[in-house]
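Okay, structure first, notes after.
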Amino acid sequence: MLRIEGVDAVYGPVKALSDANLQIGKGELVGLLGANNAGKSTLMNVLSGIVPTAAGRVFFEDEDITKASARRRVEMGIVQVPEGRLVFPQMSVRENLLMGGMNASARPKRAEGIARVCELFPRLAERLDQHAGTLSGGEQQMLAIGRGLVAGARLLMLDEPSLGLSPLFVKYIFEIIDKLHKDGLTILLVEQNLNLTLRFANRCYVLERGHIVVEGTADQVRDDPRTRSAYLGL
Amino acid sequence: MDELLQALAQGLLIGSTYGLLALGMGLIYSVSGIVNFSHGDFVSLGMYLCFALFGALALDPYVSLAVTLPVMLIVGALIYRFLIQPVAEAHALMVVQLTLGVALALQNGILMVFGGQPHRVPSVVEAKLVMLGNVVMRMPHVVAFVASLALATALFVVLRSTDIGRAIRAVHQNARAAALMGVDVNRVKVMTFAVGIGLLAIAAALLAPGTPLMPSMGLRYTVITLLALVLGGMTNFLGIMVAGLVIGVSEALGMIYLSDTLGMILPYAVFVLIVLFRPEGILGQSRS
Amino acid sequence: MNPEFHRILRSPALWIGLVAVASLPFFLPNYYLHIATLTLVYVALASAWNIVGGIAGQLSLAHSLFVGAGGLLASALLLKLGVNLWVGALVAAAVSAALGAAIAWLDFRFRLGHLTFALITLAFAEMAEIIVIGWEFLGGASGLFLPKDTGQFSQMQFGGVQGSFWIMLTLAAAAILANLIVLNAPLGYYLRSIRDNENAAQAIGVGLLGNKIKAMVISGVLTSLVGTAYARYLTFADPYLLASPVLTIEIVLFATVGGLGRAFGPALGALLLVPLGEVLRGKLGGVLPGLHYFLYGATVIAVIMLTPRGLLPLIQDLFSGKRRAPSSGAPAKSH
């Protein structure tokens, strides 16, 4: 479904991504692993069209989208649930979900989308009129994911969904992610939490300082010694 | 007592338009972080456009809005796109200086075209009076009051309940998240700036009748707008309108009850006192 | 004291430049010398403001209070009470110091945000202008005419344009020197930390009140002295010039366009814009009212679009031969 070839990305003088090659098949749950600042968020932002590529190409369903705008990519169904949730704090839960349906392809199906999210997350349904800024971290994560679903995600990209959440909530979120995956959604998961990701993902990539150093099925990645060294900087 | 009521009425009527001016600036500030120092000079531009249209086509200022509004909307969009957007990354104070340059250019452009002597824009409603008990109010002020409140309400409704209004609020609250939702953040910024300036065209038409037009009057409106904006809490809609009223009333009361000097400094003194003791604004910040 | 300070003071380029400028009165015709003197006035004012606005990050729009004190109060003391202008200048400077400290205290006590502080100081400036114009002792709306300049130095008379030029040069140099000293002394580091993140600065033990007061007092005193000299030079203390918020707005423009927070930045801004304004006014002032100012405004816009980081960073980049990518936030510079 998604394929990137030879992608470089720079922040000023720093090369955040070097020669990245990655594939995500339809219906797969792909994990993107690595230590802090390895380039995981950068890669995700490149896919979202927020960070431009200095080199290389991005293909979505065999269409070259390297030059496509961020807005266009959301319309196509490439939706990012950003690190830190980034909900709109002074808008209600409902309004946040409505914002999810801003893009042209999702807007006509917005009401249904919101209804589905309410089914999936009953806790959000109870708090539709509450200001998002007053939700707990876990509830905000649910909202952020819900927002992404209303946006009509065909490739849902999650950036560190477990960040700052209690272990119970992390388990819950991952169960939701697994459910969405089993229902057919293609998912790219960026995480520092190695174990949980390896448990649910089909395949994984490991990034170290902007380079993809390991790739394979979850088991292959787990057993590869380079995975550990990438995390521990050995 | 009558005098007091008169002053209060006067202050409220004018203050509502001050509030509208401040809403325009607040809209721009909340979305792009820009403090537009040429704000008042755009009001001035609007008024002079009314004057020109009156001279050329004998149009009443309220009618000439049909021309001045689209013109100012377009001018606002162009100025944002070609002057401000290129330097959007710069230090906030630098952007303020840019708007200062725009203010100078506007002010003096007006001077070049229209000359420095005071002009007036007559209106059919100018001489009419409205009586409420013993209080006499001039029709243009009453029109300004009603229109300002109506517009403020309309703005509020648009921000609250429409998609575009939500998009604007989203960009204000978290531009990055808005971009991830497929909102064209740049387009929202251009549009908001244009609308902010367009609002000034309307305010200009409301303020024009009975006001002596001078090229240098822009600065005064800019200062009043800034005061109302900060007093209102920067992003609190209702607070900004209330702040406009407070400034309008203190201006009116000062003129009637206090000697020249004291009367003129009253609005500033009120501003300083309120802001010091309620720095988050009259009604507190952001319940946007 | 940062060794950078000594390095700059020992730089031959600096002294050659200083001598070159000081020799201008010997061959510039009076008209241009007047423009040069005026430029130096604004170099001094902008540099003095920079200590508070650029280094400490406190956007004071109340500096017209200091200029007004220096120009109007000292003149009033001379004309109404016979106080020697030198003494009057010191009195005005003391008053300015007190006002500056009071403003800094307000900023601290009420924890004002940057924009709020700017607006409150603007309100003070507006109020001050109104009060000054209504106060006969300070000259009211018509201002105060100072005695003719007959060269008596003891009466603070500079002896015409030449003498005035050297006085203003001294004041401008003093203001820039004050910037250099502040930037390279511990005070400069404290002020910049307050500018960049007040809460963080306080958390590591930087005293907010003391440092803000120091910045305001240094800046206020310098500004006031320049104000007195300015009034003396013009032989006329004009309230609409000296006590006007517009003056502060101009100073802030020069400081920002030139390079906020840098010792030589404001000087560059004034050096570009003041002569430009004067020449435009001279050549085009009579042609069509407003034309010269219109072009001035257009130039400001153009300069900012070409150098959004300020003139000084641009010139530095040109000299060191590299083009740096624009960075947000002011780096800690010792000059």
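All chains are identified by letter, namely A, B and C, in their written order; residue positions are counted from 1 within each chain.
The criterion applied here is as follows: a contact is a pair of C-beta atoms (placed from the backbone, for glycine too) under 8 Å apart; a residue touches a chain by one contact, two chains touch by 3 or more.
These numbers were taken from a predicted model, which means no experiment stands behind them.
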Chain separated most widely from chain A, comparing mean CA positions: C
Most centrally placed chain - per-chain CA mean versus overall CA mean: B
Where chain A and chain B are represented by their mean Cα positions, the distance between them in whole Å: 43
Distance between chain centroids, defined by C-alpha means - chain A, chain C (Å): 52
Chain B-chain C separation of Cα centroids, rounded to whole Å: 31
Chain A contact footprint on chain B (complex, rising order): 163, 166-167, 169-170, 173-174, 176-184, 286-288
Complex contacts: residues of chain B adjacent to chain C: 35, 83, 86-87, 89-91, 93-94, 96-98, 100-112, 115-116, 215, 219, 223, 226-227, 230, 234, 260-261, 264-265, 268-269, 271-272, 275-277, 279
Chain B-touching residues of chain A, taken from the complex the two chains share: 48, 50, 69-71, 74-75, 79-80, 82, 86-91, 95, 98-100, 102-104, 107, 147, 151
Touching residues on chain C, where the partner in the complex is chain B: 59, 106, 110-113, 115-116, 119-120, 122-124, 126-127, 130-131, 133-135, 246, 249, 252-253, 256-257, 260, 288-291, 293-294, 296-301, 304-305, 308-310, 326, 328, 330
